[in-house]
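Below is one structure, written out as structure tokens; the observations come after it.
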Amino acid sequence: MKMPEAPAISRFPVPALADLPEDVRGRILEVQEKAGFVPNVFMVLAHRPDEFRAFFAYHDALMLKEGGLSKAEREMIVVATSGANDCLYCVVAHGAILRIYEKNPVIADQVAINHRKADLTPRRRAMLDFAVKVALRSSEIEERDYSCLREHGFTDEDAWDIAAIAAFFAMSNRLANMTGMRPNDEFYLMGRVPKR
Amino acid sequence: MKMPEAPAISRFPVPALADLPEDVRGRILEVQEKAGFVPNVFMVLAHRPDEFRAFFAYHDALMLKEGGLSKAEREMIVVATSGANDCLYCVVAHGAILRIYEKNPVIADQVAINHRKADLTPRRRAMLDFAVKVALRSSEIEERDYSCLREHGFTDEDAWDIAAIAAFFAMSNRLANMTGMRPNDEFYLMGRVPKR
Amino acid sequence: MKMPEAPAISRFPVPALADLPEDVRGRILEVQEKAGFVPNVFMVLAHRPDEFRAFFAYHDALMLKEGGLSKAEREMIVVATSGANDCLYCVVAHGAILRIYEKNPVIADQVAINHRKADLTPRRRAMLDFAVKVALRSSEIEERDYSCLREHGFTDEDAWDIAAIAAFFAMSNRLANMTGMRPNDEFYLMGRVPKR
Amino acid sequence: MKMPEAPAISRFPVPALADLPEDVRGRILEVQEKAGFVPNVFMVLAHRPDEFRAFFAYHDALMLKEGGLSKAEREMIVVATSGANDCLYCVVAHGAILRIYEKNPVIADQVAINHRKADLTPRRRAMLDFAVKVALRSSEIEERDYSCLREHGFTDEDAWDIAAIAAFFAMSNRLANMTGMRPNDEFYLMGRVPKR
Amino acid sequence: MKMPEAPAISRFPVPALADLPEDVRGRILEVQEKAGFVPNVFMVLAHRPDEFRAFFAYHDALMLKEGGLSKAEREMIVVATSGANDCLYCVVAHGAILRIYEKNPVIADQVAINHRKADLTPRRRAMLDFAVKVALRSSEIEERDYSCLREHGFTDEDAWDIAAIAAFFAMSNRLANMTGMRPNDEFYLMGRVPKR
Amino acid sequence: MKMPEAPAISRFPVPALADLPEDVRGRILEVQEKAGFVPNVFMVLAHRPDEFRAFFAYHDALMLKEGGLSKAEREMIVVATSGANDCLYCVVAHGAILRIYEKNPVIADQVAINHRKADLTPRRRAMLDFAVKVALRSSEIEERDYSCLREHGFTDEDAWDIAAIAAFFAMSNRLANMTGMRPNDEFYLMGRVPKR
């Protein structure tokens, strides 16, 4: 079976770039310039410009800020929790970014399928255990979960970062599942082939 | 057992109003003016001003916009999904708002504990079934879920609204559970006593 | 949406007080005298007088007896396990009683929604952890669960009390869910407003 | 491995027959006369005479009354729901009674392990589907569950019987699991060997 | 209700012994000679001779080999994991073999219904905890599970045996459930009546 | 983080090729010749030659035989059920084979993460729904599951194939999780880059 030509990237209407408000279009052109293509999450969420703006403002506040977690670690949290939530778009798109940040072609699949079997330092294993607990059983979070993070060198602010990223992608996974958001084909191969 | 005096409203530091950036403080003073007190979610999230701004921009984009869902229906979605996620803050705070919007002192407890046993029209029952599925099993959402909503008069844009609110509070519930966010005592009684 | 006038309190026939056997009617009049109204559980279960008699005899044997648990603690067990079972009637009715016994307007919602986040002493937290395990995973109860209770000062007889109350309300929750038992409107406000 | 001699039948104290109140002892002697031995549930629960009296009054009200369900069908409900709750005592003891009532040496194991694979009429299959739903997911019981029973000839009063038996054994299973109630060795063989 | 005469032992075609390949028939006649009857699993799987051969080669490699586990212990693993998977055939057939090996008429029901309440040495309890984890949550197996086995005297090779038996019967349970494999009536009574 | 050099492919001893029995070594050399490398499952399971032989005999009987399912469809069943079981080795290794058979670089990730969102014909969707039910809830398989397959053109023999593959990989996933079986790095890229 071949994939049909140009399958829909959302079950909702996808706006034309030209019809979008200036700031939304600007943001999209910027990412296109940087990545070489427009990740579908931008076009799918642009159907609702106000929600688009808030979504990416929140995303940037969590993923681009300074802090105790490396960028690769933040993507790891996204991949592990999105795997736990069976979210195709986020596993594939953020898996690609994780492979690139880590310069490791196999880490994303490891983390998405079962982070317990991934090649991880004990620190990162503790980080992902906490993130997945926030994703799946947040009402059971207790002080001992924070102590466990501290034993691996995480501060309370780091804990907030881990939990907030897991929480933000709890939302994001649901939006992707609800819209039937389709990952761009480009993501699947990114970071898998060593550059020369 | 009496509650201890002034229990913490967050396990993280809570900023003083005076130390907050102008716009964040402004937003808080505005809600205080309107509600008569500052709901704790504002003070707890103000620990991170950038995240605060994005959170409330997103909240407003979903909860204050025009659309096919009434404000009471939006709160109902919050209460049902927060109940499904065992989130104390959101059940208590949004339960209060729901009682006021609906002028119904019992609806919030009904919806939070078991929306299937609540006094609901079939339309609202279908709305909450969809919202709770987004909250708990979003990877299983299929076209037939949308058809089911359409049979009760919801458009696809309404479906996005329902799902996006459920998704936003999936995040919000996790933030509340992670911070140990404490509901203000005021919420528990609001909307329970008929006004004269 | 307003609630319909006088919604049914059971999906089964509800007997008239006059048609009930002497002893059943007597018990109901007694509670009415004391509470000022007849809690719906009495009228709903009176449809089957023999089961009514056994139900309340059992209830009284567990809830009114002397023992190591205070009356408030027994109600706390009811509220926590009924919350875990999504039982509207028991959460609302016993939540009211708990607020009154504890003179605490917020404790019932805390315990019903997530007892882990409630304002509880470690002793009471251990009590509710055990009760909820009996409610949800009784086949996994082991000696270490009893040891854990003993560390918090509970005797084996107290453990029986906790477990037996959780077990009795496992039955009661199922009867309420099966009959669609409706809480009296009076319960929702009881114990929420300080008396002067 | 041989079983140790005379293993405990309860992790709680078991009273001597001679120390029991007259009526409790009477009931026990009566069942001994009839069955040839005293089922352990009687001795284990006799540790609390008031609860004993209520338990057996309730049991008799549900299991001995006239009604649309045969005695065998009532035992089937006990066995299926006790299997779903992993309760050793109730599966073994009521499995024995079921085999005898049905004169069928294999039906109890079939129903306890997986009632969907048991040799059952469609009517009995529907009865057990409803009972197991009450046992495991009673908050999801809806009108359509009652309609489904009606299609197989059950009245609403029969539905109450099915649900009340499932609810009573939800309690009973938890009491057995909590006390570590041990089935009498006699039960394991009863009804398995055809009488001549 | 009496069982219908000669109910089907599989929902798929069951071959006649005469139509089977020589080696398959030989294996079946051999077991018949030894057991006095042909366990239905042989006839049901003989529908696919190649799969039959691989299935029993695998079975024998795990169940008949020398090693640190006694034959009774291997059957215990089968009964506990098949109980966890609600597999009628394997619980009944291997329960019979377990009773015989252990010369204990009650052990199989104990282990199948709830191995935590069975009369087991701590060593065997640890063995079954590990086996049931492999059966139900194998992706969570970690080094500490192996350490726990070592504390009870199991080697790593024993651990492989336990896990491989649990894994093989994960397959076997699914084959039995899929074919509707019916246990022979003979199994239900085997090992229950002491021989003289 | 870079992966450590040459991480272990199993937590159990891995034999040297030279030490293996002739037939086992032959099978391994054959696959090496064909694939260009030795998939780790061969070396990991070769620790137990008898189990190795039975495992691959069973594998071949299911995966190489003639029948109504294409080879790609059989691999799809492996990938979907291994995803449901969080098995890293089987998702990665069989995902590679699926991509090659389907000449589709994205299908394996789609099927592993959430087969409901994959680009599938209704026939293949029905096939995977059945396979995943066998993997996760085989005790609930009923005649209506077979009818559903028939509506999509599958025969009963096809249903056996689907279920038997799901069952075999239920075993295989558990063996991989138990041994900590590591996928060869080669698999991650196979079938992702179009050949020229």
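As written, the chain order gives the labels A, B, C, D, E and F, with residue 1 at the start of each chain.
Here is the rule we go by: a residue touches a chain if its C-beta (ideal position, glycine included) is under 8 Å from a C-beta of that chain, and two chains touch if they have at least 3 such contacts.
Quick caveat: nothing in here was measured; it's all calculated off a predicted structure.
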item	value
Steps needed, at minimum, to go from subunit B to subunit E via contacts	2
Recurring contact interface, reference B-C, options A-E, D-E or E-F [over half identical by residue number]	D-E
Mean-CA-position distance for subunit D and subunit C (Å)	24
Subunit A and subunit F: spacing of chain centres that average the CA atoms, whole Å	28
Approximate Å spacing (C-alpha centroids) for the pair subunit C, subunit F	51
Shared interface positions of subunit C, touching two or more other chains	86-87, 114, 117, 139, 177
Chain-level touch network, classified as line, ring, star, complete or other	other
Complete list of chain pairs which touch one another	A-B, A-C, A-E, A-F, B-C, B-D, B-F, C-D, C-E, D-E, D-F, E-F
Residue ranges of subunit B in contact with subunit A within the complex	11-12, 47-48, 50-51, 53-55, 57-58, 61-62, 65, 85-87, 134-135, 138-139, 141, 143, 146, 156, 159-160, 163-164, 166-168, 170-175, 177-179
In the complex, subunit D residues that touch subunit F	114, 116-117
Subunit D residues within the subunit B interface of the complex	139-140, 142
Complex contact set, residues of subunit F against subunit A	1-4, 7, 72, 83, 86-88, 91-92, 102-107, 109-110, 112-114, 117, 119-121, 124, 177, 180, 183, 185, 188-189, 192-193
